[in-house]
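Before I ask anything, here is the structure I am working with.
The first chain written gets the first letter, and so on, giving A, B and C; residue counts start at 1 in each chain.
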Amino acid sequence: MRSLPTPIRALLLTLTVLAALFPLYGPLVAGDAYDFYLQKVTGILILCILAVSLDLLVGVTGMVSVAHAAFLGIAGYTLALYAPEYEAANILTALPVSLAAAALASLVIGLLIIRTGGIFFIMATIAFSQMIYYLFHDADFAGGSDGIYIMVRPALIVGDTEILTFDNPHTLFYVTLGSLVGIYLLLRAMLRAPFGRVLAGIKENENRVQALGYNPVVYKLAAFVIAGTLAGYAGFLTASQYGYMNPAQLSWTLSAHALIMVIMGGLGTLFGPILGAFALEGLHYVFASWTSHWELLLGLVAIGIVLLLPGGIAGLLLRLCARSAKAAAPDTGEPAGTPAPPRPVLARTPTTTATGGGALKMAANKEKS
Amino acid sequence: MDLSIFLIQTMNGVQYGLLLFLIASGLTLIFGIMHIINLAHGALYMIGAYLAWWLTSQVGNLFLAIVLALPVTVAIGIVIERFLIQTLYKRDHLDQVLLTFGLILVFDSLQSMTWGNDVHSVPMPEILSGSIALTDTLQYPVYRLFVSVVCALIALSMYLVIQRTRLGMIIRAGASNREMVQGLGLNIRNIYTLVFAAGTALTAFAGMIAAPISSVYPGMGSQILIICFVVVVIGGVGSIKGAFLGALLVGLTATWGQILVPEFSGVVVYALMAAVLLWKPRGLFA
Amino acid sequence: MLKTILKGAAVGAAVVGFMASAQAADPVKVGVMLPYTGTYAALGEAITNGMKMAIEDAGGTPGGRAIEYVVVDDESEPGKAPANMEKLVSGANVDMVVGTVHSGVAMGMLKVAREKDAILLIPNAGFNAATGPLCAPNVFRTSFTSWQTAYPMGKAAAHRGYKKVATITWKYGFGEESVEAFKEGFEAAGGEVVEEITLPFPDVEFQAQLTRLAQIKPDAVFAFFAGGGAVKFVKDYAAAGLSKDIPLIGSGFLTDGTLAAQGAAAEGIMTTLHYADTLDNPTNRKFREAYKAEFGKDADIYAVQGYDTGLVIAAALEATKGDTSDRQALLAAIRGVTVNSPRGRWTFSPAQNPVQDIYLRQVKDGRNVMVGVAAEKLADPARGCKMM
C-alpha cells in the first residue's frame, strides 16, 4: 500500500488530535450534554474499528462479508457470559477469551466458506451470519431475544490493584481511540508488507496470485481471521460500553451497516471507512434530531454520495490531493485517477480468463464495460 | 403421520416455494441475470403491496388496481435505472449496495409519509375467495392456488423469454459481455433499462398479487429481502430454472424443517444454503 | 400527522411556557423514546398521541409546569437503545423518560436507567423482567406484563370447557412469556397444553402450522402474535377453515390495533387484555370520542397506555406542585398515583407495574367487546423483584 499524500496524513493527524483533546474542550462546547457526546463519540470510534477491519476484507482483499457483525456479537456475548455477575471481569483474562471466541468462529466459518467466491461468498457469509443470529435469538442461554446484561464493566486488574476500569467513560474513550489508531497503523503496516501485497493481488486477480506461487486460500483465510478477531475486539468494547448485548448486534443488518460505512468512506483506503463511520452516524444523528422523516434525508445523502463521489469520501480527498499535487508539479507523469486500491506489485501478466459463474462474470463485465 | 398429512405438508412446501419464487422473481432478473446488487428489492415489493392496497380501496377491485399500478412501477424502474443505476455500471459493484441502501430509506420514508404506519389488508377478489376442503377440518383457500398458478406462469414465461427468445439471448449476452452486444449494433442501454424496469414491475407485481394473503405494513420489505437472495442464489445465479428449483427446495425445507426440527426452524433454510454452497460453491443447478 | 401533533404540542408548550415563565418555572423535560419509523411506528404514534392528550386534558401545565418533550426515534433497534437513552438522560438532562414498545430496546433503556438512576416510565414493552428481577425504584410500567395479559386466559379457557389446547407463537421473549403464562393459568385450572408450536420471528408463512393444528384438533388454539403477523395469522386461520371447529383464543394483542385489517376473519376470537373498546365507564367514552375527533381513528390499547402514562405524569406533578428537584418526593408521588384510566382505575404494585382488571373480550362487528372480567385487580407476581 502506497503512503498517503501529505495533506491527508495531516488531516488524519489533526482529527486524531482533535479527538484526543475532546475531553478538554468538549465540556465548553457541549456543556451539560458533554457526557453524552463523549459516549456517542466512543460508540462511533468502536464502529470505526468494525469498519476498518471490514475494509481489510472488502476493500483490500475483495471479500465482501456480511457476517462481520457476527464476530462482534460473538465476542460481546462471550464477555457477557464470561463476566461474573457481581464483580468486574478482569480484562487480562476476559479480553483474550472474547478475542479467542471471535477468532475461533471466524476460523471455522472461514475454513468452510473460503473457497466460494464473489456473490457466493457474500451469500455464504449471510448464511452463517443468520444461523448465528438465530442461535442467540432463539435459545435461552444468553437471554434470547431480549438480550443480556453485563452488570459490572470489565476492569484491568493486576494482582490486587485495579489499573483501569471501563466504568470510567474517559478510560473507555481513550482506550477505544488508542485502539483505533493502533489497529489502523497495524493494518497499514501489514498492507505495506508482502502479506498485504498478496491480498491486493488476490483482489486484482486470484489466478495470477496462484500462478506466482502463492496459495490464495491461505492468505484469504488469514485475512478473514484477522478481520474477524478485530471485529471481536470492537465487540468487546461494545459490550463494555453499555453492558448490554442483544441479538441485533450480531445480525446481518449491522454487518450491512458497517459495509455501508466502508463504501461511503472509500473502499480499500482504511482511513476512508473511519470517515464513513463518522459521516453515516453523524448525519443520522443530526437528521434524526431535526425530523421524524430522517430516513428520507439520509437516503438522499447516500444516493448523492454514490452519484457524486466515486470512491467515497476518501476518493474525493485523494482526488483533491492529486489535483493540487499536479498543479504544484505538473510533470510528475502520475495521472490523478480514481483512488482505487493501488496496483499490486505482483501484477505482471495482464491476462484475464473469463470463466463462467456470476462473480467472475461480474469482474469481466467490470473490466470490459 | 398419515399419508394425507404428508401430502398436504408437502403441498404446503411447494406452494410456499412458489410464493417465494414469485416474491424473488424480480430479483432473479435484476440480480440473477443483470448482476445488479439490488438491496431495494424488498422496498419495491412493499411499494407494490401498498399500491395494491391503496388503489383497491379507491377502485374496489384488486385486478383493476394491478392494471393501474403496473405502469407506475415500470416508470419507477425506468427512472431508477436511467438516472441512478446507469451511472454506476463502470464502477465497483459495491456502489450499487450504497445506492440501493439509500433507495430503501427513501422508499420507507415515502411510504410512511404517503400512506401512514398502520397495518392494512387487501380483500381477496370475490370470485377467488372460496376454499377447497382438504380434510374434515382443513380447507385450502382458492386464492392461494391462484397465486401458485400465477407464479408457475411467471416462471414459465420468464424461462421462455430468457432462454428461448432472441431478446433473452441478448439480455444474457449483455449481462456477461456488454461490448459484444454493442458490437452487434444493439443499444445495450435500452436493453438494460428494459430488463431493470421489468424486474421492478415484477417485484411490485409480486407485492400486489401476494397482498391479500400477506397483509400490508411498514417494514414488510426488509423481512423478505434476505430470503429472496437465498432463493436466487441457492439454485445457481443466472438461471431461471435454477431459481425456480431453488425456491421449491427452500419452500420444502422451511416447511418440513418446521415440522421435523421446530427448535431449529429459524436456521434450517440458512443451513441448507450453507450446505449447498459448501458442496457446490456456484449453486445447485449452475 | 405526527408532525402536526408535534408542532401543535410545541406551540402549546411555547404559549404555556410563556405564561408559566411569569411564575419563574422552567418546563418539565420529558424524554420520549418510541419507534417512529419501521414496523412499530404506528404504536409509537398512538402512544405519543395518547400521552399528549392526557397532558392537555390536565390543562397542559400540571403542577404549574409546562411540559417540554424531547423526542427520540428508537427505530426498534436494541443495539442503539442505550445510546439513544443516554441522549435523553445525559444529553438532554430530561426529568423523566417515557419508552418504549420493543422489549429488547426497553432492556437497553432499563440498563441505563438503572445505572443513571433516571426515572423511566414504560408505556408498552411487557417483558416480565422489567418489573421482576430487574425492578428498580425509578422504573415504572404503565402498561402490562406478558404474564398479566395471558395468565387469565388460561382460567377463562378452562371455564369455557376447553380441556386440550395447542399454543402457537413466534420464538421470541414476548411470545414465549405469554404462552408460558397461559400454560400456567390453564394447567392450574385443570387444562392441558397438548402442543406448543413456535415459528422463527418474524416469519408469517403459517400453512405448515395450520395443517399441524388441523391434524391434532385441540379444543382451542391459544395464539400470540401482534401487528402485521397477527393480521396474517388470523386471516390465514380463518381461510384454512379452522375457526369453525377450533376456536381461536389469545392475549389481546392478537386483535388490538389490527381489527380493521383483519375484518371478518377476526369475528368471535376471544382474548384477554387490560382493556376493551366497549368498557362502559365515563372516562373511556370521553377518551374514545376525543381521540377519534382529534386523530381521525379509533383509539387502541397503545393509545390508552400512552394516555395513562400522561395521566401518571400529570398526577405526579400535581402532587409535587410541579417540583421535580426532590427526587424521592417525585418518585413517591408517582408510586402513589391512582390512575383513572379508560381501562378502569388502577394503581402501581410494589414492583411498580399496574394492578389492574384484565378483561375477557370477544370480537364482534369489528370491535373488541367486553364479555366479562377475567381477573380482578390482578397484580403480576413480580418473581425475583426485591421490592416486593
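Basically, a residue touches a chain if its C-beta (ideal position, glycine included) is under 8 Å from a C-beta of that chain, and two chains touch if they have at least 3 such contacts.
The UniProt protein names, listed by chain, are A = Amino acid/amide ABC transporter membrane protein 2, HAAT family; B = Amino acid/amide ABC transporter membrane protein 1, HAAT family.
As the structure is a computational prediction, the values presented were derived from the model and not from experiment.
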Considering only which chains touch which, label the overall pattern as line, ring, star, complete or other.
complete
Given the two chain pairs A-B and A-C, which is bridged by the higher number of C-beta pairs in contact?
A-B
As a quick test, compute the distance in whole Å between the mean CA positions of subunit B and subunit C.
35
CA centre of subunit A versus CA centre of subunit B: separation in Å?
32
What is the distance in Å between the mean C-alpha positions of subunit A and subunit C?
38
Two or more other chains in contact with one residue: find those residues in subunit C.
37, 171, 200-201
Do you know which subunit A residues sit against two or more other chains?
134, 137-138, 293, 295
Where does subunit B touch two or more other chains at once, residue-wise?
108-109, 112, 266
Subunit C residues touching subunit A - in the complex, by the definition given at the top
2-3, 6, 36-37, 71-73, 77-79, 81-83, 86-87, 89-93, 103-104, 107-108, 111-112, 115, 127, 129, 171-174, 176, 200-201
Within their complex, subunit B touches subunit C through residues 1, 5, 8-9, 12-13, 15-16, 19, 108-109, 112, 116-121, 123, 131, 133, 135, 137-141, 143-144, 213-220, 223, 254-256, 258-259, 262, 265-266
State the interface residues of subunit A toward subunit B in the complex, per the touch definition above.
58, 64, 112-113, 115-117, 119-120, 123-124, 126-128, 130-131, 134-135, 137-138, 252, 256, 259-260, 263-264, 267, 293, 295-296, 298-303, 305-307, 310, 340, 354, 356-358, 361-362, 364-366, 368-369
Please output the residues of subunit B touching subunit A within their complex, sorted ascending.
35, 39, 84, 87-95, 97-99, 101-106, 108-110, 112-113, 175-179, 226, 229-230, 233, 237-238, 263-264, 266-267, 270-271, 273-274, 277-278, 281-283, 286
Which residues, counting only subunit C, touch subunit B once they are in their complex?
1, 37-39, 41-42, 45, 171, 197-202, 204-205, 207-212, 214-215, 217, 227-228, 231-232, 235-236, 239-242, 245-246, 257-258, 260-263, 297
